[in-house]
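I have a structure I would like to understand better, so I am pasting it below and will then ask my questions one at a time.
Chains: A, B, C and D, in written order; residue numbering restarts at 1 for each.
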Amino acid sequence: MQIGLIGLGKMGGFMRDRIVAAGHEVVGYDTNPQVSDVATVQDLVTALTPPRVVWLMVPAGRITQSLVDELGGLLDKGDLVIDGGNSKFTDDAVHAEELGKKGIEFVDCGVSGGVWGKTEGYGLMAGGSDENIARVMPIFDALRPEGPRDEGFVHAGDVGAGHYVKMVHNGIEYGMMQAYAEGYELLEAKEIVKDVPAAFKAWTRGTVVRSWLQELMADALAKDATLEGIEGFVNDSGEGRWTVQEAVEYGVPMPVISSALYQRFFSRQGTASPAMKAVAALRNEFGGHEVTKKGEKPIVTDH
Amino acid sequence: MQIGLIGLGKMGGFMRDRIVAAGHEVVGYDTNPQVSDVATVQDLVTALTPPRVVWLMVPAGRITQSLVDELGGLLDKGDLVIDGGNSKFTDDAVHAEELGKKGIEFVDCGVSGGVWGKTEGYGLMAGGSDENIARVMPIFDALRPEGPRDEGFVHAGDVGAGHYVKMVHNGIEYGMMQAYAEGYELLEAKEIVKDVPAAFKAWTRGTVVRSWLQELMADALAKDATLEGIEGFVNDSGEGRWTVQEAVEYGVPMPVISSALYQRFFSRQGTASPAMKAVAALRNEFGGHEVTKKGEKPIVTDH
Amino acid sequence: MQIGLIGLGKMGGFMRDRIVAAGHEVVGYDTNPQVSDVATVQDLVTALTPPRVVWLMVPAGRITQSLVDELGGLLDKGDLVIDGGNSKFTDDAVHAEELGKKGIEFVDCGVSGGVWGKTEGYGLMAGGSDENIARVMPIFDALRPEGPRDEGFVHAGDVGAGHYVKMVHNGIEYGMMQAYAEGYELLEAKEIVKDVPAAFKAWTRGTVVRSWLQELMADALAKDATLEGIEGFVNDSGEGRWTVQEAVEYGVPMPVISSALYQRFFSRQGTASPAMKAVAALRNEFGGHEVTKKGEKPIVTDH
Amino acid sequence: MQIGLIGLGKMGGFMRDRIVAAGHEVVGYDTNPQVSDVATVQDLVTALTPPRVVWLMVPAGRITQSLVDELGGLLDKGDLVIDGGNSKFTDDAVHAEELGKKGIEFVDCGVSGGVWGKTEGYGLMAGGSDENIARVMPIFDALRPEGPRDEGFVHAGDVGAGHYVKMVHNGIEYGMMQAYAEGYELLEAKEIVKDVPAAFKAWTRGTVVRSWLQELMADALAKDATLEGIEGFVNDSGEGRWTVQEAVEYGVPMPVISSALYQRFFSRQGTASPAMKAVAALRNEFGGHEVTKKGEKPIVTDH
């Protein structure tokens, strides 16, 4: 089939390759003319034969919104837009309604797999009507990993459900990464453990903790056994936050995923953390405990 | 080679099968005469040709200790004992010293894989001298999964290092399980997600969270989509506790693994939780908030 | 001065007493005719001399909204409404705008102190314009505890700031209560500690942890030393949730307050916790660990 | 009565003043000759009339142990040693046994209050036999705050119980401080809150969160409204660690106090955190996410 693909960055570019390799036709648009097949979104729409299918693979939020707005003005009744970015699930209902007023269909699809997706295939989590999902299925089949369809693709529910499942997937990912990281730090601290990279490597087969992330951890440690070239500074991309906010909304206890998120927040603060300044100030007030003044080198005391 | 194996329960029995299948000779002892090759530990020692290798696969603590004591009196200089149970790493030094006084060698080995190990092989984490590890290597090779040795086996350091790595492995396992569980609960709570088992199944390929535990979660949900037949009551087996205590000892922040451990503790308390009784009592003191008296059915108020 | 007070429940009733005791005139309305001075909100508005001041002391959400709507139709330009309930701070802007369209002023005020406020005075956190705050100050002075004004009252900022500070106050309260509760549970568990109620009593003077909540904890334990008459089941009232959601929105690490909130959620689930069912199911999948079937009595195994 | 006091630092010195002010005789020893009454521990023992009472107010661990050893050699049967330092409760049994072999009595006493104790009195938590506690009671009465004895002193149980209650007290203190600190950080982050120091000040009377720590927080913010002169770097002194380790030992869920402890650990790591390096490395492996190389300035991306 034919598909328009907007956003040809790291993710979108690899996805184009995979869709083309499956025998489909892709008309791609990107603000970077070097990778773009057409000069404008208008050109992309013109190049597609109705009824059109257009896949958005661009940053969530403002950029996705402006493209939905633009496509709303360019596409025709019966065309279909898929948002494959990391949009918040609440945006999906808004986009579906906005496009729906013009008779344009909408599907949301969370895409997992990162830079490895090109060769391994992408894990896909889609939301929308049965008809719309069926219509895009050839593209889903091209993108997802080989093997049974239900092991790399889910039609999770109506519009928004795809991004919701992807959001929770990312929340779980935060928790798993932090679990491995905490284990790593303790192994690293313990003198009797002589070869931490080998321990992670050995967990690849037969163990309960084996996983793709664990293999990646072994790979990272094979390159830099003590991670000395890396700063312990971690951004977050939104889905972890939304997962925790949803959990709180629904009264779901979520200590592990929240903790993982908070460690990321904290990793960006260092000694500028207002909370830890407050704790330091309090200790000084009641106990005359040493406070590290700005610019001083802190002294770690024996305990 | 020839090996004595003490403990032929679920784990030990399967391990015997796997070692025998690799062409080695196993003399097994168990308190259950139906699975035991010999009548007593003394008989097992007699049946082995010196220098002997004896693998313990029994519960950590008292039972392991009494067998170490007994073997200390029966084995000869140059014999070797491997503790493959879930012993605390601090026990290993004690056992090595006790046996060492009699010239008996000691190796500790954490064994992962549960009931699946028989077919898939066991993840092995060993501690001890190079000579002793080399001596037991044929058995390690029989037990570990097929594939490169370093993907299913690690010689982690001297005595104790094997159980230490296994302890941390189990701590990570707690964190991962809780991460999946929290994600499951949120998906289950969200109305727009129509098929939670299918979501877990779909994460099997291509996603960042794919893992053996994730596949097991998909299997469990395939059998009972809402887990309605199961009580949310979870025991812990010691390694999670030791992991957290070690982290605290070494000043390693471990919020995720600790949270996972605490949820297990809490799952066993329910409304008998002294802490939550205290919070309920406090709310009553300052706000006249309703307290649920013993035997009353609690009322969940809108918030 | 003269004030209309809507909501004469436990909080509102005591507040009326305190305002009257300070020499002001209160016209009170409640749906309960036994405590109400007037028959309807319309009657209350009629009974007040313009420019009127009306204090709402009713449940947040739907009830507050409907009263704002009703007052918007009854009050005149230059009248002033104070929302003293536990409204979410985002509601304040909505209410201020809705009333503002008719020239009616708005102030929000968080009120702390519970049933003790009648005698001890209420901690007040207000948001609004300088003019509006000054206009209500005689009432604030009547409600707040004796002593310097700035030790029991804050004008925290413009509309919404009062409820925001109160929201954070309640979040902190959750954390403090849980801290005492965790300490209580550990003291209770430890055999060598012979008199836990006496320990809490002894913390009343001289210690770092002394506080009003600690005194209430001592009171509660004086009545029921092991809290055996109380179920460990705790509701939450919204502010804790909003605090955590705000923290996540702003990238503020909030592990303590989140944990306290989650323990409340969890206290209401018991063995019906979907997450802990999932952990139990997972353990069964990989290890053949015992699962407690619905209706069975769980067995706590030695670890 | 007469008492020997070893350790005349910030705590010990103030305690001497308070004991003397109550009419008792103190013979003080310190390694600093400027504050010491005698030249050696031997001289202190000689200066006291048997049966002697000697109060240790020195750092826990090595220093306390060496003084117990020394006093064991110098004191006579029927003398009594009180350890008022922050010793671990497990040390108490060891010290009691060591001294007991020579007929020397032992009492442990946790002392709270910091630099404010001199004027406000110290919160005291004692462990030991009824006879021994009674014997030291005049000193306890001199040190504790004015008011009823049971509001500033507890005889918590036999040897070790005093330090245990103090340990839990400090664990609770960690949790409370972190709760205030998290609330502070959120208030500081929120634009609509115009005066955070005033909010803390206003919580002094009438609110549920009022406490001594809250007053100290208000004091600290009065001096430095944004704590800009302080680094967010916080040491820990042992009791928090022991509290968490005990909780884990006893199966007590302790998420709040653990979180507070971990934030202190983390505050000392900054971007050198091995765990956060691991998370950063993992993100790079699967997603090509930017890793901050050592020495680079991290870029916080929009989410």
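Simple rule for what comes next: a contact is a pair of C-beta atoms (placed from the backbone, for glycine too) under 8 Å apart; a residue touches a chain by one contact, two chains touch by 3 or more.
Everything quoted here is computed from the prediction, not taken from an experiment.
S.K.: Count the C-beta contact pairs for C-D and for A-D, then tell me which is higher.
M.R.: By the number of C-beta pairs in contact, the winner is C-D.
S.K.: If you average the CA coordinates per chain, which chain's centre is most distant from that of chain C?
M.R.: B
S.K.: What whole-number Å value describes the gap between the mean CA coordinates of chain B and chain D?
M.R.: So the centre of chain B lies 37 Å away from the centre of chain D.
S.K.: What's the distance between the Cα centroids of chain C and chain D, rounded to whole Å?
M.R.: From the centre of chain C to the centre of chain D is 32 Å.
S.K.: Distance-wise, how many Å sit between the C-alpha centres of chain A and chain D, to the nearest whole number?
M.R.: Inter-chain centre distance comes to 44 Å.
S.K.: Where in chain D do residues touch two or more of the other chains?
M.R.: Within chain D, the residues that touch at least two other chains are 113-114, 178, 180, 182, 185, 189, 208, 212-213, 236, 241, 251-255, 259, 262-263, 266, 268-269, 273, 275, 286.
S.K.: Make each chain a node and each touching pair an edge, then name the shape: line, ring, star, complete, other.
M.R.: Contact pattern: complete, every chain touching every other.
S.K.: Spell out the residues on chain C that touch chain B in their complex, using ranges where they run on.
M.R.: Within the complex, chain C contacts chain B at residues 10, 114-116, 177-178, 180-182, 184-185, 188-189, 212-213, 216-217, 219-221, 224, 226-238, 241, 255, 259, 263-264, 266-294, 296, 298, 300-301, 303.
S.K.: Inside the complex, what are the residues of chain B that reach chain A?
M.R.: Within the complex, chain B touches chain A at residues 89, 112-114, 117, 120-125, 127, 144-147, 150-158, 160-161, 164-165, 168-176, 178-180, 182-183, 185-187, 189-190, 192-195, 198-199, 201-214, 243, 246-247, 250-257, 259-260, 262-263.
S.K.: Going by the contact rule at the top, pick out the chain D residues touching chain B in the complex.
M.R.: 208, 236, 241, 244-245, 248-249, 251-255, 258-259, 261-263, 265-266, 268-269, 273, 275, 286
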